[in-house]
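Each chain carries a letter (A, B, C, D and E) given by its place in the written order, and its residues are counted from 1.
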Amino acid sequence: MIFKFANPLKFQRFTKQIQPFALSLSIIFLFFGLFFGFFRSPPDYLQGETVRIMYIHVPCAWFSLMIYSVIAMCSIFSIAFKHTLADIISRSCAPIGACFTLATLVTGSIWGKPTWGTWWVWDARLTSELILLIFYISLIIINNAYENKEKGDRYAAILAIIGIINLPIIKWSVDWWSTLHQPASISKLSSPSIDNSMLVPLFIMTFSLFFFFISVLLLRIRGEIIQRKIDVIKFSHVR
Amino acid sequence: MVLEIISVYFYRNKKLIFDNFNLKLKKSQIMILIGSNGAGKSTLFDIIVGILEPNNGIIKLDNIMIEELSAKKRKMFTYLPHKDSLKDNLTIEENLISWINISGNILNKDQINRSLEYYQLSELKKKFVANLSQGQRKKVLLTKLILAKTKLWLLDEPFNGLDADSIKKTKKLIENHAKNGGSTLLSNHLDLSIKNSKKIFLQPIKKSRDIVKFETWDDIR
Amino acid sequence: MVLEIISVYFYRNKKLIFDNFNLKLKKSQIMILIGSNGAGKSTLFDIIVGILEPNNGIIKLDNIMIEELSAKKRKMFTYLPHKDSLKDNLTIEENLISWINISGNILNKDQINRSLEYYQLSELKKKFVANLSQGQRKKVLLTKLILAKTKLWLLDEPFNGLDADSIKKTKKLIENHAKNGGSTLLSNHLDLSIKNSKKIFLQPIKKSRDIVKFETWDDIR
Amino acid sequence: MKSDFYILMSREISIGIKNFFVLYTFASFFIISILIFVFAIGSDLIAKNNIYEPIIWVLLIFSVMLVSENFVSNDCNDGSLKELQFLGYNEELIILCKSITMWIMILLPMIALMPIVSIFFKIDYVDIFYLFINFLFATPSLVLLSLVSSLFSMQLKRNKIIQFIIILPFYIPIIIFTSSSKKFALENNLYNNNFLILIGIFFITLPLCLYTSRLIMKEINK
Amino acid sequence: MKSDFYILMSREISIGIKNFFVLYTFASFFIISILIFVFAIGSDLIAKNNIYEPIIWVLLIFSVMLVSENFVSNDCNDGSLKELQFLGYNEELIILCKSITMWIMILLPMIALMPIVSIFFKIDYVDIFYLFINFLFATPSLVLLSLVSSLFSMQLKRNKIIQFIIILPFYIPIIIFTSSSKKFALENNLYNNNFLILIGIFFITLPLCLYTSRLIMKEINK
C-alpha cells in the first residue's frame, strides 16, 4: 500500500511542492474561463445574459457533490482500516465542500429569480442540495465537538456514510421527479446537448475550481498534520 | 492462568497510558491495583472486559483471547465499574433480578433474599434505588458479588463510600472467594490489609516525544 | 457559635432520621460525622444549608436563623455535596470560574492557577471535565476549598476516591483552615487522624411506633 | 439455556412496563398536538384538502423521536448499556430488542387511537384502512431510525436536538410514501405498490440502522 | 457588588456560549421540519390556504420545548441547580435568567431566519411583518412555559414527554392568537388588538410560571 511508504513527513514535503503549482494553474484557468465566459460565449436566446451564472453555478454544484463523495470514501476507509490520513482528508474537505454547496445554493437562487421568477421552490434537487449543506455543517460541528479528535473523526465518518444516500437523490432527482430544475444537459452519458461555445468556458472554469480545490485541500491537510503533531506533544506532557 | 495481559499499549486522547503493561492473575489470587488518580486503573478494567480496545497487545481470559469470547464472557467475570448501572425507578430487588437475567445466572427469589441479608438490605428491598443513600447504592452493587457464580471478579474501587463495617464484610467476601478458588482484581486507594493479596503499582507514564520521530501515520493519530 | 443545630426532627419518606438532634460547631473546630450508611449524614448537610426543611427545630449560622439569610448565605459556607455540579462540557478552569462567580468570590486568573497547583491539576486545566478520572474530578471539587474565603466548610465524604497522597493534602488543607479560625463539618468513613478533631457518631434511629398513638394529622403524613 | 434474544427482550419489557405511563403520555401528546393543528387550521380546511395524512405522520415522527430518547438515554447514563456490552451481548441485538419493545409497547397500542383520530379529522372508513396499513409498515422504520439518532445524540451532550438533523433527511422518503398513499394508490391504480415500497424501505433501513448503531456503540465508551 | 441578576445572567450566557451550536441545530431543525411539512402537504396547498402560520407556530413550540430541556436538565442532573439554591439564589430569579438567556440566544437569532422562511413559504412582506410582531410578543410566554414544563419533567424522571402534555394546553390560547393573527386582524379591523392580547397573555404567564417553578424547585431535592 502506498501509505506504508509515505510517512507524514514525506507527505508533507510532497504537498508543499504541489500546492503552489495547483494554485497557479487555478488562477490561470480562472483568468481564461472568465474571459471566455464573459466575452467569447453568446447569451442564451431564452435567458439572455443571465446564463453566464452557469459558469459558476454548474462547476460549484459538481464539486459540492464530488467533495462529498471524497469525504464518504475516506470515511469508509477510515472505519474499515482506521487510517489517519483518511480522517485528515475528510476533516480538511468538509469546510471546502460546505463553501461550494453554499455557492451553488446562492448562485442557483440568483439564477432562479430571473428564470423561474422566484428565489426558491420546493423542488427535489434544491431541497436535497440544502440537506447536503446541512450535512456538511453537521460534519464540521461533529468534527470539532470533542476534545479527543479521534472520536470526532469516527462520529463524523459514521454520519458521512449515512449521508451518502443523499448524493444519488441530488444527482438523479431531476430525472425521477419532473421538476423545475434543468435536467442533465451537460453531464449526460450521450453527447451533451449544449453548444461548444458554452461548453468550453464551462470546462475551463471547472478546471480552475478543481485546482483551487486541490490547492486549498493541500493547505488544510498540511495544517492539520502540523496541528496533530502539536497535539501529540502537548498531550504527552499532561499527567 | 485466569487472566493474562501481555504487553498492552494504550493511548487515550493522544496520551500514553499503558506502555508495555503485563499482568498475570492466577487461580485463588487477589491482586490490588494501586496508583495515583488518573494512573489508569479504571481504564485497565475497561480494556480487560473489552470495552476499550488496546492499541497493541493481547488480553486472555482462561487462555482464550477476549475477542473470541463474546457471549461466553458473561460466565467468566463479574465487573463492577464505577458507574453503578442501577435503575433509579426500580426497587433494589427488581434491579438485582434484572441483573441476574442479563448476566446469565439462574437464581430463585430465596437466594436473592439471603444474599440481601449480607449487607442488611433486606428491609430496603422494596425501596426505589433513587431513594437510597450513596453507601446503600454501593452495597446493592456489591450484593451482585454474592449472587455471581463467576471465577474472576473485577472491582473498581469497591470500598468507596462504604462504612467501616461494610468494608470489613466486603474484605471477607473477597477473601472467601479466593479461598474457594476465585481470583480478584481490584483497585483501591485505602490502606487495607487483605490476606494473601499482591499489590501492583501503576505509575502515570511521562514520556515526552520528539517531533522529528513522527514517522508513521499512527504516531499522529 | 458558627453553626448551631437545635433539637432537629426530620422525617424522610415516613422514616424518622433525626430525633432531637443537636450540634454545636465553634470557631476553629473540626467535627467529623461518623455513621453507618444511611444514618443521615448527607441529609444533615442538606438540612443545614436549607435544601431540606426540618420538620421541627432550629438551625443557626453565625447566630442567625438560616431562613433569614438567603443571599448572604453564599458568603458564609462552602458546601461540597456528593454530586459534584461540574459541567462535563466545560474545562476545569471554566468550571472553577463559573463557580467563583456564583459563589460570590472575587478572584483573578492568577489565584486560580496557583490553587490548581495544589492538587497538580495545572496541566489538566484546559481539559474537559468529562475526560477526567473519578479522582481527578474530586480534586477539581476540592480545589474550590482553596479558592473559597468562607469560614464554614461542609464536606460530604471529601476523601472518597482520592489517592493516598491527595488524602494527606486534603487533611492538611482542613487543618490549616482550622488554624486560621475556620470551622469544618465533614462526614467520613475512613480511619483518619485529623488533628484536634471531634467525632460525632450518628446512629440510624430504630423507633417502632405505636399505632394507637397516631393522634395528629402530622403523625400520618 | 435461554437465548440472548429472549433475555434482552424480557429485560426491556420488564423495564418498559415499569414505565407504562410513557404510553399514556405518548398517546395524549399525540392527541393534544393534533388538537393544536385542528385549532390552528380548522377541521374544515383539513377535511377539504385532505391534509390529515401529513399532519398525522409528522406528529408521529416527532413523538417517536421524543420517546426513543427515553429508551436509550437512561441505559446510557446509568451505565447499563456499557454493562450489556461487556457482558458480551451483540450490539445489533441490543438495538433490535429495544426497537421491537418500543414498537410493541408504544406504537401497537396507537392503533386503538385510530378511531378517535378519524373523528377529529372526519376521515372515512376506507381511508382509515389506508392509514392503518401505512402505520403498520412504516412505523418499524421510524422506530429504528429514531433509536439510531438517539444513540448518536447521546454522545453529543447537551445537544439532543442534533439527532433530528441527522435523521430527518431519512424520514423524507417515508413521509413521501406514507403521506400521499391514497393519492398514490388512486393515481397509479396500484393499491399494493405503496405498501411494497414501505416494506422495501424497511428492509433497507433495518441492516443500515443496526450496523450504524453498532458502530456508534463501539465508540460511546471511548 | 454585583447583583444576583447580573451574576446569574453571566453564568447562563457563559455556559450557553459554549453550546453555541445549539443555535445552529435549533435553526436547522426548524428548517428541516418545515421541509418535511412542505414535502408532506405540498407547497402549493400551503400557499393557497395560508396554513404556514400554524405550521410555523407548532414547529416553534416543538423546537422551543426540545431546547428548553437542555437548559434545565443538565443543571439538574449535575447538581448545579441544587448548588444555586443553597447558595441562596432566588428560585424565581434563576428561572427568569434562564428564560431571558434562552430567548436571547435561541429565539432572537431566529428573527434573522424570517426572510429565509418567507422565501420558503412565499409569504409577502405585510404578512412577514405580522409574523415578526407575533414572534416578538408570543415567544417569551412560550419560553417561560417550556422551561416550567422541563422542570416538571425533571421531577418525573424517565418521562420527558410528559412535559408536553402538562404544558400543551397552555399553549393553545397562544397558538390561537398567533396562528390566525392576520385573519383576526382583517376581520375585526383591529390591527393592534391581537398583539395586545399576546402581551396580556405574557403578563399572566410570567408570574404564574415563576411561581410554579419556585414550587417545583423546592420539591426537586426532597
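Methods note: contacts are C-beta pairs under 8 Å (C-beta built on N, C-alpha and C of every residue); 3 or more make two chains touch, one makes a residue touch a chain.
Predicted model, so just to flag it, every value in this text is computed and none were measured.
Across A-B and A-C, it is A-B that has more C-beta pairs touching.
Distance from the centre of subunit A peaks at C, each centre being the average of the chain's Cα atoms. Taking each chain's centre as the average of its CA atoms, subunit A and subunit C sit 56 Å apart.
In whole angstrom, the spacing between the mean C-alpha positions of subunit A and subunit E is 37.
Once the centre of each chain is set as its mean CA position, subunit B and subunit E turn out to be 45 Å apart.
Here the spacing of subunit B and subunit C, counted between their Cα centres, is 29 Å. In subunit D, the residues that touch at least two other chains are 19, 74, 157-158, 162, 165, 169, 222. Of all residues in subunit B, those touching 2 or more other chains are 13, 38, 88-89, listed in ascending order. Of all residues in subunit A, those touching 2 or more other chains are 131, 134, 138, 141, 145, 147-148, 150, 237-239, listed in ascending order. Across the interface of their complex, subunit C is touched by residues 147-148, 237-239 of subunit A. Interface residues of subunit E, counted against subunit C in their complex, comprise 4, 7-8, 10-11, 14-15, 18-19, 74, 78-80, 82-90, 221-222. The touching residues of subunit C, when paired with subunit B in their complex, are 13, 35-38, 42, 82, 131-136, 138-139, 157, 160-167, 189-191. Contact residues on subunit C toward subunit E in their complex (touch as defined above): 46, 49-52, 69-74, 79, 81, 83-90, 94, 97-98, 101-104.
If you check the complex, the residues on subunit C that touch subunit A are 120, 123-124, 127-128, 130-131.
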